[in-house]
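To start, I am sharing the structure in question, which I have written as structure tokens.
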């Protein structure tokens, strides 16, 4: 037996002698390898931006979305394996519909986040299943206002003001921490997030699309794509800024 | 705080674990309510106790499925015109023959392309609305630029209704579906309680079949203007309110156009009771009542 | 019955429970707490409505505890949204409509929507109304209620209105009788009243009640 796991990394049902569950940590590596996802909670809503890596020029722009609405008032964006992300988003949709059908009201952000975390966690408990290779940011509006939750591949769940997952998350986090999240509006955040996504994009990587969605006052509390007339200028400015930086260095 | 255990149990629904599954959790719950004022003063005994709904037992229970409607709406009408489709209902929901709820909106906007109006049981209509709401939420989440059109909603409803009647557990409703089909042409159809359905230039569900449709047949022509269509609709509603005891003189007309769905404010139609013969009903008919 | 007033709700009921002609309980309590701020008026089968109330109470409270971030303070009692409680009740009534004889009214006060009254009649429909009446006696007082109801009554006016309505129902309905129970709910909390026949408004062709010595 050799290698980092020393044989304790084959299943989620066995701890290593120092108390780690390697499979879940490896799933985290899959998340880190996926394109960046950044989300911030602003005064008037939540914005989530994704660096969607495009493996081939033959891909049709706008397809294979990384941010998805799961109900009218809530949506997720995430990093990692996109099929896993789709499975988690589907589950989140089912949870929203399920809650609505029983309690007659839209699911509150906290409940949805906890149920998603619960779902993630279930997949870290049995040898017969593989933990999800993705983490998600959840943007939501409920009676108490707007919320951003980070739901991770290991089943952790936290309410955030800003969060980054995926490739280049540390650099992005430094940038997000500089934002005045208590003052910034969603319209401003769109520009900032676009800038962060372009600035942290690794030029060695393939083509990418900067995909942005929000749930905010401007969208009437619905989780939708940021309208192109707002998103595209933000992307363009970010593109120019990123090229400028590249020239300087 | 009481630790929350989640489960997806078919009968009790989401977010709660049945009593008895987790003794530790139960103990916490019991201890808590017994200590607090919740049980002692507010809930007083039995009401605070966690209950279990036995899902398996419910499934096994003998099916008694014939129902009767309790709270009902009467006729719903639909009429095409040059620029779209009109829907009309009154705003009454009857409890037997008691005029129980007088401000019920019996028209539902499904999406920009479709609205439906119903007759029959109010609670079943609420259930159908929930189903349609789930469909439109699905459309919203997919965000692929398409939404279900009126004809699709109509076909969907025929399946729902026929499936339920085939379980001998019908939804006690009929519907008028109005809007636009996939080709962008105006659509107007009706779905019955057991899944019967047809589309036409004008339709009626419920008692209005007998009263409003003859009027539609007489006055309908292709390319009615909106004003003409509203006038025909109002004369049909007038006939309905005179001759359908479950109808009240408080109506809503909704229209579906290319611009979307708009549901109008409630209004009353003018009536006439001041005829000479009404004052003196037996004057020209000796021996009459 | 239940009615909204300016800043709360008043629920009212008589106290008669009968099996056939026999009065099984002459002082029953048909106004049942679901949680601190939401109460239910029950009519129809007592067995059915008691059990539905118990289910609803349990589901609503468990939900309330699961969504509250701080954890409800036991001394304050568990509070729920009125609409949520009404929805749970409606779901149970609707899904089991072929098994239940249960007409229920859910009324209460919450910080989201203020005072609310929901009627859930026999088939499992649900209607929000400024006031609603239900049960056997209700048929006799629809006209009076429609005629005399005003929006934004004061608390005292609303209580007097409910008291009068129920006394009129008792006067004509053999299935209603006994004391009148009132529950008043507003932002500050809950209060209960019981009105003996001797204190009730007198109706036509009846003699004043006399206390047993």
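Think of it as A, B and C in the order they're written, each chain with its own count starting at 1.
The rule we apply is simple: contacts are C-beta pairs under 8 Å (C-beta built on N, C-alpha and C of every residue); 3 or more make two chains touch, one makes a residue touch a chain.
The model shown is predicted, which means the values in this text are computed figures rather than measured ones.
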item	value
Chains in simultaneous contact with chain B and chain C	A
Chain occupying the middle, per Cα centroid	B
Most distant chain from chain B by Cα centroid	A
A-B compared against A-C, more contacting pairs	A-B
Distance from the mean Cα position of chain C to that of chain B, given in whole angstrom	27
Computed distance of Cα centres, chain B from chain A, in Å	39
Between chain A and chain C, centroid-to-centroid distance (C-alpha), Å	47
Residues of chain A touching at least two other chains	102, 111
Contacts with two or more other chains, residues of chain B listed in rising order	4, 13, 15
Sequence positions of chain C contacting 2 or more other chains	63, 66, 90-91
Chain A residues within the chain B interface of the complex	65, 68-72, 93, 95-102, 111, 114-115, 118, 222, 224-225
Touching residues (chain side chain C, partner chain B) in the complex	32-36, 50-51, 53-55, 57-59, 61-63, 65-66, 68, 70-72, 74-75, 77-78, 90-91, 94, 97-99, 121-127, 129, 139, 142, 190
Parts of chain B lying in touch with chain A, wherever the complex brings them together	4, 6, 8, 13-15, 130, 133-134, 137-138, 140-141, 143
Footprint of chain A on chain C - complex, ascending	63, 66-67, 69, 81, 83-84, 86-88, 90-91, 112
Interface residues, chain A side, partner chain C - complex	102-105, 108, 110-111, 143
